[in-house]
Amino acid sequence: MVFEHTISLRVRYAETDQMGYVYYGNYAIYYEVARVECIRALGCSYKSLEEDGILLPVYEHYSKFIAPARYDEILTIKTRIKEKPTSSRIQFEYEIFNENGKIINIGSTTLVFVNKQTGRPCLVPDRISRLFDVLS
Amino acid sequence: MVFEHTISLRVRYAETDQMGYVYYGNYAIYYEVARVECIRALGCSYKSLEEDGILLPVYEHYSKFIAPARYDEILTIKTRIKEKPTSSRIQFEYEIFNENGKIINIGSTTLVFVNKQTGRPCLVPDRISRLFDVLS
Amino acid sequence: MVFEHTISLRVRYAETDQMGYVYYGNYAIYYEVARVECIRALGCSYKSLEEDGILLPVYEHYSKFIAPARYDEILTIKTRIKEKPTSSRIQFEYEIFNENGKIINIGSTTLVFVNKQTGRPCLVPDRISRLFDVLS
Amino acid sequence: MVFEHTISLRVRYAETDQMGYVYYGNYAIYYEVARVECIRALGCSYKSLEEDGILLPVYEHYSKFIAPARYDEILTIKTRIKEKPTSSRIQFEYEIFNENGKIINIGSTTLVFVNKQTGRPCLVPDRISRLFDVLS
């Protein structure tokens, strides 16, 4: 593994559904918050990446829902980047724990660096590569 | 009143919360769908408006929640434009009815025509004004 | 394959993000709408299933994002149930096409039949099994 | 005024729309987070209120959008309860400021105390009234 980062967030009422749990589609939002803070901790704000003309859309998304998350719980999300991004992709893995320390969700997303002008995939920007060079 | 339009839509599971009803924030989405179809019926696609460099952000939003909307119900939304937009604003009024014909929500939104380049309010575009001239 | 169903829906403004495309987390909502209509076409309303004390939470969710979906586009979603559900699970597969007929997203979800009282997985309800018996 | 509370939160990517700003419907979520933390600061968790059989649905909602909120900004939300709730209602007022201290949104919501069993409005629970007695 090359980098790991942990955040906590509280489940909002808006994120629940009538089953009384967090709606499954909202885990994608939790993953987004987690990976944005992960790369911020690495030294890069995703916002500034977009301002530099690089988009980072999601290409693949996988989630396994082990146990439900409930309203008002504080969830802990561990985000891992297992490999330094090489070509035009970067992968994040997630584990979500509830307040009792029980793992309730695991997932992964693969994102693609895209040139905003051309709309085409591009190589990992140098400013991102360098962050990983410092780590290893 | 200068124009009225009615649409129906079905409540999605994602739109409910753990109270078992539609989350109050999601009515804003219903209003959005309703007013977009209202102006499409008038003869204008909001998408084309944005392509012409005009944005239409919401300036004011009011909702009264009379009775809950439930999962899987088909809601009927009546949208009214009571006055031809003059300066840089347009107002929509909404009434939402459930499957029993009971009124469950009323609301209104005021939107502002904004020049995408400058980010400043602009006059109602001619192509919008003309749609109302035909009506009256 | 045992059952296939197709629906169409229009992308809402609320579903876009500042990249100008549908936010990746919202495909889960599209899948939900598609599978609910799929089982309705089979002869079962998911709402009535919950009223009978059976919940159907998502256990696994996979998505591949091939091309972006844009505001106001009418998307066509094909939902497939490839195998009759046997134990306590049911799997749905999805293909999403844009207005040009281009495939833009594929995905799958596995859901678990859960007894609302106990919160434990349960066997596929008879009323669901029977729908598939009629098909084959 | 009887009580005021301030929170901060960061705008999520999921909350933006293709205009590049926070979607207007998402302010309702910000208000929800703000008022839940406001009553927690007062000494009451909304979650425990529901566990006691009291729901607190929104009856009226008003928002004025003064300036846009942008992705990744940290917003500051001031929530005010101007009057001790008396009959069955409680009103919250909100002001949202961006990172430059500029006010970008004001709003208010009126919520109704509802008995979960009967679905009917009920008097403000004693445990809530008492919180305000301590204040004054």
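So that you can tell them apart, the chains are marked A, B, C and D in the order they are listed, and the count of residues begins at 1 in each.
Everything below uses one rule, namely that contacts are C-beta pairs under 8 Å (C-beta built on N, C-alpha and C of every residue); 3 or more make two chains touch, one makes a residue touch a chain.
Model, not experiment: these values are computed from the prediction.
With steps allowed only between chains in touch, the distance from chain B over to chain D comes to 1.
Seen from the Cα centre of chain D, the chain whose own Cα centre is farthest off is C.
Chain C has its Cα centroid 24 Å from the Cα centroid of chain A. Centre-to-centre spacing of chain B and chain C amounts to 28 Å, using the average Cα coordinate of each chain. Separating the centre of chain C from that of chain D, both taken as means of CA atoms, is a distance of 34 Å. Listed for chain B are residues 13-14, 18-19, 21, 23, 25, 28-29, 32, 71, each touching two or more other chains.
In terms of inter-chain touching, the protein chains here all touch one another pairwise. Put simply, chain B touches chain C in their complex at residues 12-14, 28-29, 32-33, 36, 45-47, 71-72. The part of chain C that touches chain D in the complex is made up of residues 13-14, 16-21, 23, 25, 71. Chain C makes touch with chain A in their complex at residues 18-19, 21, 23-29, 32, 50, 55, 57-65, 68.
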